[in-house]
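The following block contains the structure, expressed as structure tokens.
The first chain written gets the first letter, and so on, giving A, B, C and D; residue counts start at 1 in each chain.
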């Protein structure tokens, strides 16, 4: 439930307005050089407040290493990173407690947890939790020597010119979504398992764990559904597994085939739009006009690439470790 | 690796041209009325040879109940269903052993398993394994009382008129893919977990375990990326969780919100196209003209809806069982 | 629930008087030479009817390889072994359905599964299921190159002279238990994890999954509780990890230390004693005099050593695979 | 690896002389009243420095609730408790780095983690980690309404008079072990699963995860091996499952039978004896006379009962949650 992975295993915890959020990682190889500074570049990429369209909330996002690191190296014991919440304005949320924000988890959380959920700033459902995912990704990337993962925002609000897409949202006083492409180079062939633990299954599992992701496709993806077999099939070039085209996105039969892993994800527009909306007041049963309080991104997709990379890294680090064990005798 | 699910847990095994394929299911509640006949309708839906575009291989697909059923009811012990392979023509595959079929798992299987893979008819990678998934789905559906799951083929080869899409492939002597829509009604709100075990994560995990699936989207899916927040957000109508629109596809914050669960998947064209293709001969290193032998579907998407339903049922049965445990005190 | 292991993962199914019992094993390395004949020696050791004190029921116990083996080698796909039940006399059990046999799982199975359990010959609770464990052990032992596992019956009915212990039971027309010692040589140091996955935790977990095991101790075991620290501590001899004594039984801090792994288990007397006993008739609520029907061992401990070895092999194969992944960078 | 449990799942992390130790718990039902004060009684029981034979190191052991609690109740989100290390004297350990302490994990940790282990105060292997186990136990006990768990120290250094056993150690300037009995009343029948997840398997798994435990037995335990079947079998008294005797210790066929769950564990003497010992200097290869520095218990068994209770509670809470799901239809 709050953990993911078989050997490289990530456990998330925390709430948006509680003491902080964190991650504990199991299966970290001993001897990896690692300091707090190593986390900062990716954490910086995830941070809000730096470009138009991101939230003015600025957490320090400083990674406190609580376990698993000693003398600047991983020890092999569980590695825990904690981020304190220092910049919290819960009062924004208290006021509108009985009015679930459209597009947010407020209503389902209230229903599922019987009213005991921490509702401040989406509580445990907050995208604040992704800071722990990014931290885990930093560790995973260190295991993936020679493998590069690059996620790029390719479209915002339907525009390939991202600035233009954002401006559209600003002009409309609304929020927008976007598309992200991820490409992994240097991935060894053979990772993944047939059926349940196909590379696609695990990557998609991780991607849909990112708040706001609503679609995932590999290689030609949805376009594959309109291609002919002779057009879609990737012809092998040589014994390294290299193919002439890469419609498969680097995965056949669930297994990495040595070509770049390529996939694309759709991010819905930020649920917290500045627009006036209608919602239900669950105490009165009445519909009410409603405007979201709090500090939010116009486009969460802006901050998502580094999270997509981190998630990809978690999955691949796990598969890489497993492949060391389950190789032919 | 060959298992999926937390409480309702499905283990697959078998090969296309070995003794048979099977499934063992854990977490089956005792007392469910179940006979071999209950499996036949869904198995029939999955079967080839019945309409144009499906393989002429006709297995009896008769479900042999090897464990977990007694006196016409489930016992609570692991339930195993086995399907014998009676209609096997392995010689077709022996001949072209050194030439991996484009779009198939031949090369990755050979690489991953060091040449020890059972290559006949794709071995363990064969879609024949999905007969076990369908069987598990039959059991899962029995647990999902009052919940209906319907998967429909909505497009073949880019055509909403399915017959027309198939004819296109027949005319071109090629294979085609398709789109499948799945809709679940009656799903209780509250299923799923934030982050790792979001309903989307688990459904997508299962969908990408189906051979040939290359894309999955929920609700508005990829279209969400071009919507504005105020347009995408689903406004709550009443305390039952019902929303005016359902762009979220029934899931918010990873949790079922009481509205229909709606998702769509893309199926690539059958890798085994009748067209002449090029591939590598891994013994000689030469490129060779190549035509797929064996009996195959022109469009695997035709047989996929019942598999999609089964996979959906496995995930939801598991989540339903978990929700019985983890409800508020 | 019916599976055990992280990478080398064993799934059991079947009932005593159903179609058969089986095991499906995940995480089997490809390329291991394996035929049905390889299973026979260990299966023979487990078999009843060969010496005084074992059940006259003689199953052929022939291992049918249903998946995962091709051309005399493992393929890397899930390996399934099935054993048909050919020698079944269920009528013995039908008669006394309402009278749970003392010491057996009859009452708890009835209670837990709401009366839907397969009660014939203990159903899924039968020691017949251990044939699948032994089969899995055969595969595991092949992975454990250079590691030898020997389990010995050291005491029956309190007698180190096993024949004498058995005769005691025969004379008393009663059943007896016994003690088994297991010793593993050649185990590399470093296997196991601190806390949850200590070698002791995993071995004990597996041992207590064997029906009739009621105690497990490692090294000095219960005797350790009366030793002084200076007496119990094993002094290191050299950098290989070898210690002068081995009171720890080869495990310190949950981790194998390179010395022989040594443990001992207690097996209770066979619940099915020929003696007249009292039990409850759950239909009438009356106490009834009761004599066990069916064919049973006077001392199940006689057949247990090969099961103990198999269980040990499963755990160690899993730990060995994991250790290949989680070694220092 | 650092997690245990299926639904109620406990993740441990931390080191003896790092920033602190902690536990993150998944599967905590929402709505349980819980404050930091609730943890103090059990934490107090575990604490050293209070009676003769326990270590003079006094941590505040104050439980910092980092996630999962809001307004004095559990929220249903992962619950994390952190304990800062405030009272650390690492220099004691630095001095004797190259001389692994006999009976400790120093050598295996060094070997397993390639020299990257945090060696100060046993690092991640320290019994300090059990503070997190006790905290998790406090939460688990709240789920186990109407079930009482009592663990008692019944013997120290071979003496039923505990004071006398301790005095023996003090007089000998050595350390001693002990025996602990645990008894659970009010446990509903039906918990546990046949084979892998038998109650005995899970309890033993958890017990052997406690540092220094070297033996576990249920009911008659090792004595069962010398009993006759007619003597050992517990006769059913009535339809509630109550038996006349309880040699089975409340478990038959791996399933709780409604009688008290009874088991006993052996704790080895504290590895850190004040006595002069011999060990290897792994830098010089020479044997050296060696005396343990640092602050330690003469008898770790004194602090163990509350840890045994906690571990028992974790296992039973998990089984109780599972039983809510997997009950007959």
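Just so it is clear, contacts are C-beta pairs under 8 Å (C-beta built on N, C-alpha and C of every residue); 3 or more make two chains touch, one makes a residue touch a chain.
Values in this document were obtained by computation on a predicted structure and should not be read as measured data.
Looking at chain A and chain B, the chains in contact with each of them are C, D.
Chain pair B-D has a twin interface among A-B, B-C or A-C; that twin, with over half of the contact pairs alike by residue number, is A-C.
Interface comparison, A-C versus A-D: the pair with the greater number of contacting C-beta pairs is A-D.
Among the remaining chains, the Cα-based centre furthest from that of chain D is the centre of B. Between the CA-based centres of chain A and chain D the separation comes to 36 Å, rounded to the whole angstrom.
Centroids built from CA atoms put chain D at 25 Å from chain C.
Here the CA centre of chain A is 44 Å from the CA centre of chain C.
Those residues of chain D in touch with two or more other chains are numbered 1-3, 7, 12, 27, 30-31, 76-77, 112-114, 116, 124, 194, 327-328.
Contact residues on chain B toward chain C in their complex (touch as defined above): 1-3, 7, 9, 11-15, 18-22, 24, 26-27, 30-31, 64-68, 70-71, 73-80, 82, 112-114, 116-118, 123-124.
Across the complex, chain A is touched by residues 1-4, 12, 100, 102-105, 107-109, 111-116, 122, 124-125, 129, 155, 157-158, 169, 172, 174-179, 189-190, 193-198, 200-202, 204-209, 211, 213-239, 241, 247-249, 252-258, 266-273, 275, 277-280, 282, 285, 301, 327-328 of chain B.
Partner chain D is touched in their complex by these residues of chain B: 6-7, 27, 29-32, 76-77, 143, 194, 321-322, 324-329.
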